[in-house]
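The letters A, B, C, D, E, F, G and H name the chains in turn, as written, and every chain counts its residues from 1.
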């Protein structure tokens, strides 16, 4: 509630067009639904034009099902991330239009078409093993209404593969780079492309990869500028911010 | 060198308007200056509209001086980061218009005015101790031609200070959040502002702060979306990307 | 055995009202039961007014069963933490009044009513995925005789959810904040509530969460005062201390 | 601003006893002083009965001096932590009643007497090298108006030293345990004393002490209950929370 | 594409023996096969004389199968590392000559004989538990056309076992040392053998082994010279470089 | 082979009582059995009076079986550590007198009685969950011919349990302290007992226990003297060294 | 105070040969001196036959001086570790017989001759840079009354240097191995010598040495048995335990 | 001493051409000089053709001087690494031909010319700040008799600088890649050059660089093959191994 709506509300109070009790309620009654185990913010789409998002990790199948059930009664699009196939099976029972991306572990429910952007987000990935993160980013960017181009398996071990796709990458408004192991791809693209780049380190690798830490550190210490980083394997977060930038 | 310029060059070769030797040279002779200890990319501003940037950390005073000397012969603006006062004293001798930001440890040389953007970057900082990073980001954003608003000392320990400045933050096109200790400010702003946010964890703190790791992890694990992160204390990197976004 | 009881005992010795052998026994014979694999302190409730507590993690089902069997022969209330469903099945056979909290993984045996406090402990949790830790803390606080209020899913990503519950949180005598991911909720509440706060970082998250380390560091480095921290996922420990404070 | 004061304010608006502009101002104008580099919350003492606290770490001498200068114009008591001797010298010039605790690195300004509590906080320390943290906690607890007992050099390597002081420790309402190296003292006291214990790991030690991490981990993993922990060397934070508990 | 082939190509353009379009294609069309989820570099053997290598970790069985299927249509030898038995079963269906090394987790397809070197690579291992890494290195070195000698279970706990095999080790052109736990074998051999040594730390061990970190650090900090290190358990990488050296 | 036996051998050579070839063989032919995947040192017992020891971790069931088979043909006692139940089932087939300690995961084969020491090793453990490590240490110490006393569940959370057993601990020639979580028991005993103490940190705990690191660091940083430490969960190693000391 | 002395004391009480007050005093009055900042245990030598030990790290020069002053009034030998030259200069003023070992940073005061053992402790060091730790261990072992042999610069990079000294090492009753960098020397000696070995990792090295962590991990993970470890650079601790073992 | 020289020696014994005492001496008397604090291996050059190497880190100026003094009496070339300017000043007094490389911190003494190789080692560095490591590697490679090419400041942030130098890099027999920050240069070169590559991570950077760990992890996890790694900032070690490979 910003300053101007506060003024309006107070004006209503002054003009006695609204009871003090009601005004107090308006001031404190926020638009969420208390489900006992979760507070669902169902007005979010209205405010910011985004679909509802459910992080399914750490939730029980039952909890996920109930949240989808409540949301599906609204007309919002819905995105569930880190969802298991078992969750999807339950959600589908109450929400038949739900779709599951097996690699990306997302459940998407499209109640209405999103207008897609003209400019596009490029999602560039180092290797085939990074595909789960690519898919999570892809599904997120799509349901948020973005045009997306995927460029995969262009890691620095065979850098000529990357160069052949440079035009497509350079044409994007914002670039997501998904890379595990040493994560050098983000630095290399950062040195070649003058667009904002969001790096997603992945947990692909073994040994001193330490579950993605090597790629994360590589990206954080990049000598290329214009690069910022999200959590390991966080395809959703990268696409969320990329969508914000793409729509500027 | 992109596809179309390649076609043009080859057309020149075909029409024998250019020698093969010259074409080879063009294809391999890149516009940098080899100074023995450094390869300076003096055409960068022409290509991407940015000033020259020198990371002075780990360089000797003599090396920094020589690089400024070479650059100052061009008509580019120049930004030196992580510069010591001693470096500045030497640079000033050969480049009298150089200015030094003591807190931010930057040397700036403005040879020509940058056109400033209408939209602005908000730089929000949790505490007074974060000011050195704020200043590095500020100088970077300014010399890259951005309008900037600084909002400092609004950490979550007294969250009402933040709320009073929310309108100014929400009015920005992109937000840089600078915070040490637990870095929670980035998450809180991420939950309140629907703009791309770039978090800069700082090394402010002690003990389990581990030189900024606590703030970094806090930001990387934020449950707020729309937030990406740069290296600890990397005010320059945040401002560089924010400038890219602000100019979209 | 404190100084005054030592004097009394020595007085008895002097007056020859007690044998030296008996006095030696009294001085060394401490009130625990040696079960071969465990020393059970069955007089603890008498001394400090608390129920018996069994940490079931790392114990075999057989060991857990035997400890409950011994304890159940006393009239103490019993709390088992980190108990598996299989353990509960075995315990129920010998102790039919035992109850199991599936999310919180606790077994509770209530042999007698605890007098409940007037003041209450607030248990505040950032997200639905933190519920297992909330439940462990809740069961602990209840069987220790405390009035408890649970406020869940009020993480900083949607900070208005928190503000609507502030009065309830402020009314508590002591506050437990349970949060994973970046754990910023503890800092924010610390900046809003002038009560002792015990932070419980949880292992909810992925990647650089490092099994709860990000939330732990966030809480340890909080710029809010009045906040102390227990081990990751240690709902029991937080509730134990909160109970001590609530009963002051 | 809580619900009842909101009702009062709205009542005033309704009765036209206050202008809308003034009401808006009241609703957004928070009681802090913007000093450019810091927002000072000068009404804090009124609200929560505490002195002003300045964390001097990472601030310049000039900044610290200016903040003391502003605060000293009020009638609040003031506590500065992590202050250098140089800072104290400057502060003393404008605030002659300021005192400096060399070991504890605190500056205290007592404008008025605090009423002291009847119950006391026990500050127990393992070794002589932990004294700086003890002193920071002591100065904090004193200026917050608490009675304090210090018990030092009672580490577990000579556990009989501890036992002789147990009565004094057990008599406290809340216990702060300050320990470096392996930090086992907190666990041992936790097993002997049924009072809330706040552990302060210190950076005393070398090698695998890792700047206090060994003591921190020891305390977080304590098998004794009733123990929570603050940041390494954070004597202030421990005393702040202890004061809250002592005054319940 | 090196300088001389660039000159040749340009000469062809000049002499109009090749269309500009074709030349552009040649310059940008790199010899890889885009399979949607992977870019396969099928000309690699021609260029560098090595077999195709597939890192199967993190790939689905289906993806691995498809890549083998495509490759098997060429006449290259193929090496798949980190392959599961399930992957092998699928690959064998389409490529009956494929062989599986159960310990080493490699799939090898030998379409043609490699000429073997006269000089040999010695693979020395500390213990029986290191055999999986030894086998991965062995299969790699063999399919790259090297003569190999394996010397296993000669760890420093019984150093006389090592001394008896020193002549064989010293006879090699390059030595791979595979060791887990404390990894001291690499240092000891480094002090006894004047040949390039490539250390492979393994994840064999428990506790403070930290998944191979202890062996890695031991090797990186070796006071013996002539030793470099690859990632934990990376038998393939060690053999790849050893092969390069052996063929010099 | 020490100096005197070298002199003897050379004397034999000089007197031509032994062929040069035979002498060379003696000098290089060490008494181990090469099994392809393992070099078994079957003369070890003769030399140092200890049984054969097999670390079964990371070995296949087949490998373990073959090593036992070879050893069982000698008259040595055998100890296998980190053995699975499946390994035991296989070993029992070829070695019916083999015994398995389920908690300690050891296989022992006693071909002949060891003479037991008069002095004893005390194995003291903090909690019931530490029993697996206690049992590994116990089986090791027994088969090495030591008298052993076990004192379990005497952790510092109830320190009176420890004091009642102090006489038994003090009577030992060397003490093994097994403790997880914060591992403070080792420090406390170190402050109470003037005997060499070997600490075994265990991986018992959760969260910041980090698989035993908290207990390890606690023990390494102990302010008590006379304490050294072995790897996490390494009951075998502690007992091996304790046996060496007990037999001095 | 053990069981039998407790019986004696109680007997005296019963026979009224001692007042109850005196008995209480005896039971609680422990033989230490409270100096305000330190509790000095001046009867320690009587009880355990050791000199007084002062850990000077983290103490002020003034504090160290006062402790030496108090101790020097007794007839005990004194050992100060981690002492600076400045501390020594102050101590020498009040205690002229004090000696300083510059490398080892120890102050020793010998008031009376210690009887030296027949058996000896071997202190073996990998390199010249490890000498400070060697000297700390040496001074400790000497003042505790042990015969000591030093064998330095026998690291594994030139393993023949070690072999030439093996007889001397094998003749010791207990061996201290001091090594930095990769610390492999401890493992190698562990494989060659059947004596208890105490490893002291040192902070000698750089980069991934991490202040001694590499050597520590190497020693903790040693595949040689009979080896236990103390804190990084803890020459004192190793010598203390070695002395205990040497005197068995 | 290898098998054949052993046979020869024994033959001499048999033929009584050598005394048993002398033979024993030969067998145990190794060619090093015991200086009390160091064992200098002065015959090393004869055996392996390398100069003497002194690691000066952690040694006192006096110790370094004495070692140079002893060595300079031989006719060997000498290399001192990690030497301070103060050490050099002392060494120069006794060894006037000594030279100091300020950036590389090496002292070199050339008593005789080394024959230089025809093939060369390429030392490639990412940035100007990496020069100290480059210089250490360069001085090492030179005094070991190698031809060397240095290619500096070709980091991936401006990858065209690298491509222009590729021919020179590809012409080397072995490549050393020196890089700090994210260390991606090693991966990129690994993908472009089919020569053995030795990566040297440097401590250049800040924040999450963690003293070179980010570059180290990047190199260890490289998806490019043919790359092995030495310790952070270990220019000497890389050049030592590169020299071994270059001379094959």
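The rule we apply is simple: a contact is a pair of C-beta atoms (placed from the backbone, for glycine too) under 8 Å apart; a residue touches a chain by one contact, two chains touch by 3 or more.
Here the structure is a predicted model, which means the values were calculated and not measured.
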Interface numbering overlap (same over half, different under half) for chain E and chain H: same
Pair from E-H, A-E or A-D with over half of its contact pairs in common with F-G: E-H
Whole-Å gap separating chain D and chain G, where each centre is the average of the chain's CA atoms: 38
Centroid distance [mean C-alpha coordinates] between chain G and chain E, Å: 49
Distance between chain centroids, defined by C-alpha means - chain B, chain E (Å): 41
Of all residues in chain B, the ones touching two or more other chains: 3, 28, 55, 127, 158, 207-209, 213, 216, 220-221, 223, 225, 231
Chain pairs that touch, as defined at the top of this document: A-B, A-C, A-D, A-E, A-H, B-C, B-D, B-E, B-H, C-D, C-F, C-G, D-F, D-G, E-F, E-G, E-H, F-G, F-H, G-H
Complex interface listing, chain G residues touching chain D: 28-30, 32, 36-39, 41, 55, 57-59, 63, 82, 201, 203, 211-213, 216, 231-234
For the chain G and chain E complex, residues of the former touching the latter: 126-127, 155-159, 181-184, 187-188, 190-192, 205, 207-210, 213-215, 217-225
Residue ranges of chain C touching chain A (in the complex, touch as defined): 127-131, 152-154, 158, 160-161, 163-164, 180, 204, 206-209
Partner chain B, residues of chain A touching it in the complex: 2-3, 47-48, 53, 55, 166-167, 170, 173, 194-198, 216, 220-221, 223, 225-232, 236-238, 240-241, 244-245, 248
Interface residues, chain H side, partner chain F - complex: 3, 6-7, 10-11, 13-14, 16, 20, 23-24, 27-28
